[in-house]
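These are the structures in question, set out in turn.
Below are two complexes that have chain A in common, paired first with chain B and then with chain C.
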Partner chain A sequence: MHFRGPIGRACVRPVFKPAVAVRGFQSVYHVETPTIDESKLENQILGRAYTKFVPEHGFTRQSVDLAIADLQLRPENLGGLFGIGLQVSDVVNELIMYHLKHTRANLSKYHDEAGKLATEGAKVRFYMQKRLLDNVPIIKYYHQALGRMILPTNLGTFLTELHNLSDDITYYSGDQSNDFAWYSKRFALSGAFVQSELFMLGDTTPDYSATISFMNDRVSDIDTLGYAYNSVEEWAIFNGISLVNLIKSQLARG
Partner chain B sequence: MNRLLFKRFQSTHKALSPAQKAYLDRVIRVDQAGELGADLIYAGQYMALSHKPALKPVLKHMWDQEIHHHNTFNRLQVDHRVRPSLLTPAWKAGAFAMGLFTGMLGKEGAMACTEAVETVIGNHYNQQLRVLSNGFQDIEEIGSDTTSDSADIKSLKETIKVFRDEELEHLDTAIEHDSKNARPYWLLTETIKLTCKVAVWTAERI
Partner chain C sequence: MTGIWRTNLRHVNTISRQFSTSGTGMKESMTHFGFKTVPQEQKEQLVRGVFSSVASNYDIMNDVMSMGIHRLWKKHFIEKLDCGMRPNSSEPLHFLDVAGGTGDIAFGLLDHARLKYGDNKSTMVVADINPDMLKEGAKRCLSTPYANSPRIQFLEQNGEKMDAIEDNSKDVYTIAFGIRNFTDIQAGLNTAYRVLKPGGIFACLEFSQVDNQMLDYIYQAYSFSLLPLMGQLIANDRDSYQYLVESIRKFPNQETFASMIREAGFYVPGKGYENLTFGVAAIHIGVKL
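Right after this comes the complex of A and B.
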C-alpha cells in the first residue's frame, strides 16, 4: 500500500527521537551508553560537520554534505543513515542535537577543576559558564537553531535534552536532594540556562562577560530555591505540629 | 558522594537493558517513598503516644530502624541518579497524618496501622526480590561469558532482604502489642492496606 499526501509524508518521515530519552538507574558497575556513540558513522559525519563546517555554514544540510565529502564518503550509499532520503529538516535537527549532546558531554572534562570549588552553587555556576561558552563557535547561527528547537514537533525532544543538561549539572555539582527540591533545582536551572542563552544571542561584550554575569545573577536566585521550598515545608509541618499540640491540650482540658 | 564521578571506575558488568534500568529506577523510587512514609508514620505515632512509658521504647526502636531504611534509600536514590517521587510533599503530609491519627486512636490503633502497613510492605519487598532474582540472570561480566549480579545489584538485594525481615519484625511487634484489638479493626486495617497499595502504585510512576 502506498499513501500520498500528508499521511504518506507522515509515514516516510523518520521519527526524530533522542537516542536515550530517559536515563534511569545508573550503576558504576555496569557499562553506560555514551552520550554520543562515536563508533556510529552518522555521528562521525555529524561530528565532522559540527566541528569543521557549522561555524562557517551554520546548522544546514550543506554542512553535512561538506562533511560527507570531507570524509570521502559516497552520498549515494548513505541513504539509510539519517532516515529516508536525507530530508533536510531531519539532518538539521540531528546536527542541532549533536551540538547539544556534544557540549553536554564536554562538561565531564571539567570535573577535576570543579572539584576544587567549595560549594554546590559555585560548581553549578562553573559548569554553566563552561557550557555557555561552548556556544561561542556557533553563536552566529544559534538563533536559527533555537527557532527550530521550539517548533511544536521538535520541542519535546529538545526539552528532554535540556532536562538532561540541568540534571547533569546538578548531579556533577553534588546535588543530594531527595524530595521536591530535586525538581525545583532542575527546573530553575533549565530556566536560568535558557534565559542566559537568549541573553547571549544579543551579547556584544568581549568574552561574553555580560552573559556570564547575567547567568551568575540567575543562578544566585536559584541557589536558595531548593532551600526555600524546604523551608516552606518545614514551616508548614512546624505549624501543623503546633496546631496538633494545641488541639491535644484543648482536648485534655475536656 | 558522587561515586559515578570521582571513582574513575572500571565497570565489571555489561550494560543493563532499558527494561532492567526502568525497573530498578522504579524500585528505588517507590522504596524511598515508602521508607519516607514509614519514617513519618512513626513520627506521627510517636508524637501521639510517647507519653506512654511502656510504649515509647517500642515505637522508638521501630522508628529508628525506619530512619535507617529511609536514609539508605535516600543515598541509593542520589548514587544511582534516580528521580525521587514528585509527590514527596504529599507522602510526607499523608504519612504523618496517618501516624498521628492512628496514634490518637491509642496503642491498638497505632499497632493495627503498623500491622497493615508492614503486611503490604513485606509482600512488596518479596515481590521485588523475586523480580531481582528472576529478571536479572542474564547480565554478563565483562571479558567472560559468565553471568552474575554486579556488586550494586547484589547489595540492593541484600538491603531489601534485611529491610524485609525488619518490616516483618515490626509486624510481629504490632501483633504482640494487641493490634487485633483495635476497633474498628477490619475497617482500619483494610483502609490502610488499600491506601498503601495505591501509594505504591503511584510512587512507582510519579
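Right after this comes the complex of A and C.
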C-alpha cells in the first residue's frame, strides 16, 4: 500500500535493458540457398532424368518416369510428387526448369578461368559461351523446351529464370553499374542470349563455332549500343547545362 | 478471486457439460468438435452422427454449398495424383481411400487409371468410420464398372487405427475432406505412414485457410452465415452444417498441416501443399521413403 499514485507505479514499471549489442543475424553468416537443392527427392529424380534420360528421350514425361524407376521407386503412383508448391505445375516444365537452373549453377565452375580475362566484355563473352555450350548434350531436344517456355502460361516463370541468368553473368563479369545501365545491360544480354540459342538450334558447324561468333557479334552490338547511348547521354547533358546557362546569362543582363 | 474460480471449475466438472465452450479442468482428454469442446471419446460418436444424418444428400449439399467447385477440386486432385498401373508393369497398385464413404474419389481414381493407362487390375479399399456413408458408396458402386468386382472393397474402419489394413501394404493413400474430422489427426497421419509401402504416396484434399485477408473475410461471411442456413433449408439439418463450417475453421493451416505430415515421417515435396481456389481447399502430399 506504500506505492500509490504515479510514484508507486513508476517503481513497479519494468526496467528496460538497453538493446543488446549482439546482432542475431549478419550477412556474412547468410548462406545462400543452392540454386538446386539436391537433397530433395524431386530434384534427385529430375537430375537423374536430365543427365541420363533426356539426351535420349527428350524433355518428356517418359524421361522422368524412367528416372523414377531408376531410383527404385514406382512412377505409377508418384505422379503427385511434382507440381506441389513449385513454380511450374507440370513435370516436363519442371524438367526444363531443372535444365535452366542446372546450367546456370554450372557457371560458377568457371570463375577461375574467367578471372584471367581482363575486361568485363571478355568475361561476358566467356560466360555466355560456356552457358551456350552447356546446351549441347540436349540440343537435339531443345526445341521442345523452347516451345514450352514461350507458352503464355509458362512465359513469366521462364523469363524470370532468363533474367536470373543474365543477372548472374553480368554479376560474375564484374558489373559495377549503379544507374539505369544496370537494367539495360541485363535486358540486352537476355536478348542476345535468346537470339544465340535460337541460332544454335540450326547450327551445324563443328563445336558450334558459328553460334559462338554469332553470340560475340551480339555482345559487340551491346557494347556499341552502350557506347552510342553513353555518347548521346553525354551530349544531351552538356547541351542541357549549356542551355540553362545561356538562359541564366540572358536573364542576368536584364 | 482464486477461491471463486476454483469453485466454478469444480462445478463445471461435476455436471460435466459436453457442449460447453467455457474452460474445463481436463484439457488433456478434451478435444474440439467444431467450436465446442467435448471429451475425446465422444468426438467419434458426434462425427458419426453428423455424417449419418447427411449421408443421403451429401453430394447435393456439397454441390450447393461449393457451387459445384468441389467436383473440380476432386477432379484436379485425381489428375494431379495421376496414378495407374502401366501396361508393361506386372504389379498392380493398391489404393486405400480413407473417409471416402460415398466413393467419388475411389471411383475417380480407378476411372483415371483405367481410361489413361488401361489399368484393369489395381485394387481399391474404401474405408470409412461411418456405415451409412459406406452404404451410400456401395449403392453407387453398383452403377460403376466396378460393381460386384473383387477389385473394390468397402470397409468400416477407424482412420486412426486401420486394424484391418496390414503394414506396408498400400501404394496410394488418399483422404478427401475427411481428416479434419479425426479426433487425433496426428494418429491418423501415423497410421497412413504405417499402411503405406515404402515409395507409397499420401495425398490429402482438405479445406484450408484462405491467405488473402479480404477474400478470407468474404469466405468467412459466406460460410458462417449462408451455409448453416442452406443446411437448414435443403437438408433440414442446421447443426450438422454448422459443425462442418466450424470444423473447417478449426483445421490447422497449410504450413502447420504440412509439418504434421513431416512429423509422421513422410517426405514432403516442395512446400508441401497446393492451394485450390485461394486456399479454400488445399492438396497435401507426402511420400514414404
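Note that in this section the second predicted complex is superposed on the first by the 207 of 254 C-alpha atoms of A that agree within 3 Å, B and C clash if a C-alpha of one lies under 4 Å from a C-alpha of the other, contacts with A are read in each partner's own complex, and residues count from 1 in each chain.
Please note the rule applied: contacts are C-beta pairs under 8 Å (C-beta built on N, C-alpha and C of every residue); 3 or more make two chains touch, one makes a residue touch a chain.
Everything numeric here is computed off the predicted structure, so don't read it as measured data.
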Which of the two partners, first being chain B and second being chain C, lies in contact with A:Glu42: first, second, both, or neither?
second
Tell me which of chain B and chain C touches more residues of chain A.
B
In the superposed arrangement, does A:Leu73 touch chain B (first), chain C (second), both or neither?
second
Looking at the overlay, does A:His30 come into contact with chain B only (first), chain C only (second), both, or neither?
first
Would you mind writing out the residues of chain A in touch with chain B in their complex?
22-33, 111, 115, 167, 171-172, 174-180, 182-183, 233, 237, 240-241, 244
Which of the residues in chain A come into contact with chain C in the complex?
40-42, 72-86
Can you check the complex and tell me which residues of chain C touch chain A?
80-86, 89, 91, 93, 171-172, 199-201, 203, 267, 269-274, 283, 285, 287, 289
Which part of chain B faces chain A closely enough to touch in the complex?
1-7, 9, 11-16, 18, 21-22, 24-25, 28, 32, 36, 47, 74, 77-78, 80-84, 86, 88-89, 92, 96, 100, 139, 142, 150-153
